[in-house]
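Letters A, B, C, D and E mark the chains in the order given here, with residues in each chain numbered from 1 onward.
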Amino acid sequence: MDFLTIVGAVLAIGAILGGNMLEGGHIGSLLQLTAGVIVLGGTIGAIMVQTPLPIFLRSLKLVIWTIFPPRLAQNEAIEKIVNWSNIARKEGLLGLEPLTESEPEPFSRKGLQLLVDGSEPETIRSILEVELDSQEHMDTQAAKVYEGMGGYSPTIGIIGAVMGLIHVMNNLADPSKLGSGIAVAFVATIYGVGAANIFFLPLGNKLKSYIHKQSKFREMIIEGIIAIAEGENPRNIETKLNGYML
Amino acid sequence: MDFLTIVGAVLAIGAILGGNMLEGGHIGSLLQLTAGVIVLGGTIGAIMVQTPLPIFLRSLKLVIWTIFPPRLAQNEAIEKIVNWSNIARKEGLLGLEPLTESEPEPFSRKGLQLLVDGSEPETIRSILEVELDSQEHMDTQAAKVYEGMGGYSPTIGIIGAVMGLIHVMNNLADPSKLGSGIAVAFVATIYGVGAANIFFLPLGNKLKSYIHKQSKFREMIIEGIIAIAEGENPRNIETKLNGYML
Amino acid sequence: MDFLTIVGAVLAIGAILGGNMLEGGHIGSLLQLTAGVIVLGGTIGAIMVQTPLPIFLRSLKLVIWTIFPPRLAQNEAIEKIVNWSNIARKEGLLGLEPLTESEPEPFSRKGLQLLVDGSEPETIRSILEVELDSQEHMDTQAAKVYEGMGGYSPTIGIIGAVMGLIHVMNNLADPSKLGSGIAVAFVATIYGVGAANIFFLPLGNKLKSYIHKQSKFREMIIEGIIAIAEGENPRNIETKLNGYML
Amino acid sequence: MDFLTIVGAVLAIGAILGGNMLEGGHIGSLLQLTAGVIVLGGTIGAIMVQTPLPIFLRSLKLVIWTIFPPRLAQNEAIEKIVNWSNIARKEGLLGLEPLTESEPEPFSRKGLQLLVDGSEPETIRSILEVELDSQEHMDTQAAKVYEGMGGYSPTIGIIGAVMGLIHVMNNLADPSKLGSGIAVAFVATIYGVGAANIFFLPLGNKLKSYIHKQSKFREMIIEGIIAIAEGENPRNIETKLNGYML
Amino acid sequence: MDFLTIVGAVLAIGAILGGNMLEGGHIGSLLQLTAGVIVLGGTIGAIMVQTPLPIFLRSLKLVIWTIFPPRLAQNEAIEKIVNWSNIARKEGLLGLEPLTESEPEPFSRKGLQLLVDGSEPETIRSILEVELDSQEHMDTQAAKVYEGMGGYSPTIGIIGAVMGLIHVMNNLADPSKLGSGIAVAFVATIYGVGAANIFFLPLGNKLKSYIHKQSKFREMIIEGIIAIAEGENPRNIETKLNGYML
């Protein structure tokens, strides 16, 4: 579990609201339905126009990674691969057949299956890399949904603020309301800039980190499986895979 | 059909106008002919200066993809290619000749024709990749027309706003009109920023997604056709093509 | 001739000035010598500091492409190359000698000369690619002169505006001139932002489109000449070159 | 030790505070707890949301490089490698075994070990490059933590300023406090922009310089070890490694 | 000598100051010690924090290139290389030995030395390319010092302006000083934006042009020396090298 995401969000919001209270501001003056409707509705609308449906759905699913990242146990995986390579050395590639069905992780299972089928190393690499690249591209697009929202929300916030100012300007006759009108208008800016900088952009970047990590993990799996297919010795495989730092 | 484009646009505009009404603003104060003329005319003019005619025309044609994206049925295509590879195995590459004429998709048809002609795998790849790259470049340029408009419209909006402010400043003598003058000037900003963030940039990005998807689809076709030319076995071809996720 | 450049410029300027008039502004209030001196002088000065002389001169020459783009007739060129390949098949590469002198386009002529000299395909490719890359780099640098001006002119406009505001601030004692002083200051912003967004950036981008097109055209020529040197059959050459879309 | 980091920070802060005093400002008016809480808390919170824990910890450790950079003595290293290559020529690769254990630097030790094991040059290169790339990626991510903070702190500063302005606007009734209220609000902007431009961004960039330098150093080590494995002559190795400028 | 650098700087500053005078402003109101201290000190301080010492020193040395660029005579160099290739053809590579010592340019001398030593073409290429890349990287980093200053100076200018405004706000009681106080504050913005757009960014870009030109020149030298090592005929070498346009 990635505690930093929650700690960070709490810290950032706490600092901003706490600072506001230290200055003598009321939290109430920062709570405003209309600003929320404009910024959230506008941002989500814009990102929907931007994103094809499958990527939009993937982005909803992926956001959970920012708190529960995908489990990628490097040491376990290396142990597993070295074990496979020992079996392949002793019993031939066909000796891996029983392990194929029991392998829980789909990507490794596909690799094992290709080994058992006796495919050429270059064929295995090309099949697995196409899969890795496709998945990585899909996930990166999904992460960019949050980046995109981080790009749109400040400008939508500015639209909200300017609309508020227009409203104020049309009622200049009543100067007593001027100040509070401007204050209300400014809240949209805070919502837009705050949502982008505390949520959308950081979440998108955290997703990218985990996507990169997963791709590295799969590259390691590919490297290991190719090495088995080429009959490299288990000790070398271990040395090489240990070089990966996820 | 890509419903998200329409849902998103309606949501964004609804949220912004709804927020405006919640605040007590009149929609009327956001409707302004001059701001529309400046922002739309200026933006379209700038993009015309920027874009060669064939790309400009392609961008007009391509925008329909944002609602009716190109149909790229992966499973059907894989089935078709596996079928071709079975025919080629049994009857030789010449057995594909009758299929060539009946193939509806031009890109696949060109590939089939090259197979039937007995071209070398490397020749087929290079011919088809030149075509893919050329088409992708053309379409990407067309998508950048919308990106470009998303870049120009906010600054043109600012030009409109500053011109409005200049007009106001020249009539400071009559302070009763000050507020409404400024309000009118601000509308150009909203038009420019809004058009960029709700239409131009998101539409450009959605186009890029579909262009990328089409290129991936064609890469898959190329991979399949090359594999047939190299006489790979149909099961391997299927495994490999299934790795593509569009 | 590229009509879009002129149509776009007229449309953009017309929309902005027309919008200004619709709002009741006088064109006179947008015409200001000092703002013009600051923005134009400052922008040209900055780009001179940035650019080596040969690139600066090339950029002056290249701007004409935005209205009269280089003539790159794909079909004619393909026909010509297929014709060469037929001659080479019948009479050997030396049969191309008479065509070499009469070939009007220098890049093709150089390629033909290398063919007649009997150079290796790889040598021909490397010599022609060095030339293509050098020319493309030079021209791209020249196009970036306009991009650079589009980057500098808005900030120079802001310098002009701030200087105007300083002037106004120093004369706050006479409030009757406040408004018109600010108005005058704002004109520099309009000049800077307008010049960048209607001329400099779009012109730079249009140049880049034509530079890319020319490079593609030359890549096609190289591909054709290499194919002749490798003795490929004319029909394949035609198929391949037709894949290029300029 | 990198004195420039300290000299630069002192110079920048001194110039800004000194300029403030020259203008007749009090340092006191720039010291404000609430602005500090908002900018620092918000920025650290945002970067925590963005960064996975291992990279966050690495960034804390790496910041010391900006004052005490990693020691990378090129001449010594070249001497060492030339010495190894002489030993390998005279006594064979096994002659390097005693040096392996005494080699203090882990990266070189791993390379030596691979030499002594008699691995193929391509295997050595691939194992060491995986390690180099993984370490470089990790460190670059850590450097981007500071870059990210440099991106967030100005916008968080703006949030602080706008909140301050909202507070001011809600108390327009008491104009005597207007000025000092706005002044207080502006301090958050200075904190955000200042922290980004004097600390976060420059520190991130300095880290990147040292990370690049370390990678270059390791590339040089790899090049030398591969050359030994390929039995190249010591003089050539020296010439080649001297071409690296770190 | 690159006159354009000086002409451009004079033109830009002249246009800005001239425009100021046309508007009726006094140059005196733009001259301000405190703004200068803040912008210059802050910018130099920030760039020192960012840059390792060797790159900082290199950037001080390199700035002279913007007026006296490195002399890179293409025709002379091609003549020289063709001459070398003729000697190598007649007397063998050892015939180049006497020229090695008298060759004034260190990069060419290193190449000649490698030819005389009878190194393999691939070894020569790899040794010279490592040197070229290292030098190019170092110089590019040095050019980025100016780019970095161009990034920091406008924001430091804004810090100066905001500090000035804070000072003004704290003295609202005396409105007669309001205007001139704001005017003084704005000068820091002009210094920051002006320095970036007239000096730092353009100088950094001009340096990059010359660095690129030098690298191209050296690539040409490498190409020529490799061609001699491969025994290519002098006429082909000349044709190829003439394709380079620096």
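Basically, contacts are C-beta pairs under 8 Å (C-beta built on N, C-alpha and C of every residue); 3 or more make two chains touch, one makes a residue touch a chain.
This structure is a prediction, so every number in the text was calculated from the model and none was measured.
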For chain C and chain E, the touch-path distance in steps comes out at 1
Co-neighbours of chain A and chain C resolve to B
Same residues or different residues where chain A meets chain B? The copies count as same if more than half of the interface numbers are shared.
different
Fitting on CA atoms only, what is the rotation between the copies chain C and chain D? Please report it in degrees, nearest 5.
145
Distance between chain B and chain D based on Cα centroids, please, to the nearest Å.
39
Whole-Å distance, chain B centre to chain C centre, using C-alpha means?
24
Touching two or more other chains, which residues of chain B qualify?
none
Note: ring order chain C -> chain E -> ... comes to C, E, D, A, B
Sites on chain C touched by chain B in the complex:
2-5, 7-16, 18-20, 22-25, 29-30, 66, 69, 154, 178-180, 182-183, 186-187, 189-190, 193-194, 196-199, 201-203, 205-206, 209-210, 212-213, 216, 223, 236, 239-240, 243-245
Chain E - residues contacting chain D, complex:
33-35, 37-38, 40-42, 44-53, 55-56, 114, 119, 123, 126-128, 130-131, 134-135, 137-138, 141, 148, 151-152, 155-156, 158-160, 162-173, 184
